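Labels for the chains are A, B, C and D, by order of writing; each one numbers its residues from 1.
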């Protein structure tokens, strides 16, 4: 069988690193090129010493000719950059899995609202499929452009959509207290992520209705609930490298029974390889770190009539690159779990 | 001036350690004795090498004669143990500052409800003063027995009581998402606190209406609001040694204006040396770790009509031993900040 | 092809966990059984939630009948336990890879000297092959019993043997300053590994000639140098989960040239998939953590005439379970890197 | 008594922060000014929220008039900057405690050798006193300019000088394996100190004869031994905020007896408040972090004839700002331990 030819654009950050680790052990894939503006010419094996040393890749400049030669391009570019090259790649008949936020919101208005700038490729906005495999698997199969969901929305939506669709919850609003390891803040040097400042610390940031991931969550909840559900969202940076844990509070759920809630979740995910419902305990980050699993647990607090749903997952895997490869596997009719378990 | 004579019972844990650090630098205090069952005879300076080496204390057995010879005894005993010796100490005319949970709840029923055992000293239960200085300073001044509040309730109550009393919030229920460093789980060896399990992890525990601190919080909120307010409370263990951060969500506050909320808090604490209201950012743990300060900040999220109040403080200082010394300073008419700033 | 049938004895610790992660993704292997005294009957997938959930293993009791049914047994038992069951397994014609220290030292006297107890299976002591693949690959191929080397000796010997054999160093003694992540201290609860004590700390332990790994290192250096080389060894616990870094000092090396030293190392390991020589920098733990690689770098300090050799590797992978699977691959003529890259 | 008037130049880094924490609780000191180029006008209490909020300092620009108005200036400036303003401050008759490396080496040649640039104030180089109180207390008392020793040299010299002077060791060279928390790398954003890179990592840097602190150590050992002793020095960054641990190897010591070695150290430091010799265990970082103590322990390894001396101390306190205040206390005949215990 000929291998799938894959390219990566924007190859020096944490998500590209994880993507490479997965793709280099994927038996059906050949990484044809990986680009980096700042590291052009550098050996990828030298730059990421934990990768197999006998891959012969060097970082290259972006060269549009490359787009013709591959089946799919992963974009690990920052927000705002993907939309500049997606038309070109799609024009070459090549598929795109975009790990940036550029194509996650369905309308130019919504994009402008959350990203504070007009979208440069609005024609393709509507064609993109929101790449949450457990919800949009059929659409992903047909897609030319997959918008890989943000890290925080992944856990939040996997936790809430089954409860919305089943009618188990009919909330006015939803409270998401989110905690992320520092790799979620990226490789860019900032004071917030300076070791001495982040270590022995816990820092809320972007509280209020400001984090861009709220846009994704509200958009997808609207679809699931068929009405608008405002989301209260406080992200917090915790002193660890990898992993997200979200504690979600839902006031006065329709189903007031913990076991029933868990059954609804288990039913929904019965055939899913990467979503796991915990019966008798809540998720913790270490269960999920280093895996492509998302763990979900729930507690119904009778005294307050509040349902507490907790999820954990690896922000770089199920939250980014693992999910991106899962999308690739779906898109090209490969075994969905290959290289991910 | 003669120095205040002080005794410590239960001297080998984290709170006793912090208490000693503070008391040994307190110019008006002499530590007359410190007890430990397991370490009787051991030099305190050897056991806690970061203490000044020229203190000549050895751990002693509990000896009731000692209670006559001191002005105040700090109890760093586990829950259930304090109530066994408090009658004896009070009987000797000596004051008590109890760091355990034994006297925080006002009625035997409430104690039994949360601690799942009958109280062995119910006569003194009603006499104890809940030692939150910013709320009960006058009562503490007159007290014979001070029940030092739990760590989590300290931040929660300092955040909520001013808003309750001012009428700024009139909630049906309150959501507290609490995060604590691992010293909050004590010195006892447990799998949860084993380094390899706690590091690179974040673990919710006691979710639902089970954590004993809920009892304290609901009791004091009832006083402040003059009605019952159920508290949703999810504590979570974060991989750092010291510090608590609580993210509190209040749905549909009466005052829908962030600046006004902050002014109410600032007014309430204008003369308080240890509570600090942040104007333009939210608290983080590192601000407070190693200090006796509690930091409070707030965001009003207009889109969801939710008030988010965040506090941070050191669980071993403002959350335990620092507050205990603050209570001692009040009780004996010393300068309230001595040895604490 | 029929799969290799594999059993694991002592399945609940950190090395068994890593072993399972590797073996469950190994295409040529079937894990036939895994034993645990304390967890008999528990689902392995529940106990280790990051493993693929659809493995149907439960922990079993040790049952000697199982030994007939597999091709190889991995022993993750504590020191002193392996020697009790090895005769039985070998008697069943089944091969053994022992991750404990029981068969690493070649003579009963040496064992007694370092482990302070007589060896219960001295007849097999002499037959065991010291399972350092880069040095003993041919012997491993023929072995019935492979003694998987200790974590610290792995890096030390990989760093020193090529320099010994080439004559580049001819030291009187060797200084090894070793640092290990806390998983090296195992899953057993100890004060040293309690989060609050290990975090924000760095602790030397077993300094002097007491750590049992010195015995292995001196034994193998004696072979390489053909004379006795005393080893100064100070292990230190560092606040991280996984990884070892060893800083080795060699006074007055014969070859007084950094580049030549690096060339000797590169030549020696040119065909080795898991040992990597760094040209222009020293190893750090993060390069190696999560991989089966051992990184080696060197600096020759002309002013002091001292050669500094530094290595890093994952104590649970190249230092334990990764190397164990590498040995299994060799033993059964599988591709040596399968499931390890 | 009039308070000592103190100024701080370069006030936003970690050492200035610690200095402020100490000086603001020092009963005999008034902090008259604190400068910062980048934060001129900012409230110091806002910038360092853990400081007492009622200090009314704002960061100022450097203004030479200020130098007349104070008794002593602490320089927390980077290397190369101190030498530009020291002449001015000394000219105003004001004393200087310089926390940079500018005046630690005694000769312009030595400075140029280690700092790779000519010294701009060589006249004062010879007048500076190397501010290690336990060795140079008498000279510090008379000094106008105190060169506060580097962090690494502090522990190394306190460990070695008593052994040198007593003749207990007469080495050809000395091996120092040094480990430092990340605050030792300063507040400047670097990849090495980015949380995700420094966490779960351990990184040697500046191996070989390159770290500037070697110059200080060799200079002071030359004085103690009365001959040149080359120092092998490998510093390593460990994932914790504060603290240094140095493992020092001395081949073939003259005194081959652990107890005698410890007695020599204890004798030397019998009256010293901040150096503590451990009898029966080795130092760990947590003992010393947050204190001005330096802990020293020793093991004599008979099998290899090597003396292992280990020290631990807080790099920001005994290694920098704590020692600087100790020097100030000495310089102005205050109680040497005030504000430090």
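Here, a contact is a pair of C-beta atoms (placed from the backbone, for glycine too) under 8 Å apart; a residue touches a chain by one contact, two chains touch by 3 or more.
On a predicted model such as this, the values are computed, not experimentally measured, just so you know.
**Q** Name whichever of B-D and A-B has more C-beta pairs touching across its two chains.
**A** Between A-B and B-D, the larger count of C-beta pairs in contact belongs to A-B.
**Q** Distance between subunit B and subunit C based on Cα centroids, please, to the nearest Å.
**A** 47
**Q** With centres defined as the mean C-alpha position, give me the subunit A-subunit B separation in Å.
**A** 40
**Q** Where the CA atoms of subunit B average out and where those of subunit D average out, how many Å apart are those spots?
**A** Between these chains, centre-to-centre, one finds 36 Å.
**Q** Which residues does subunit A have that touch at least 2 chains other than itself?
**A** 199-200, 239-241, 286, 289
**Q** Are the chains arranged, by touching, as a line, ring, star, complete graph, or other?
**A** complete
**Q** With touch defined as at the start, can you tell me which subunit C residues reach subunit B in the complex?
**A** 14, 182-183, 187, 189-191, 193-196, 198-200, 239-241
**Q** Where on subunit D does subunit B make contact in their complex?
**A** Listed in rising order, the residues of subunit D that touch subunit B are 25, 49-50, 52-53, 200, 276, 278, 286-291, 293, 295, 341.
**Q** Residue numbers of subunit B touching subunit A in their complex, please.
**A** 173, 175, 177, 179, 181, 197, 199-205, 207-209, 230-232, 234, 236, 238-243, 245, 247, 249, 251, 282-286, 289, 299-306, 308, 310, 312
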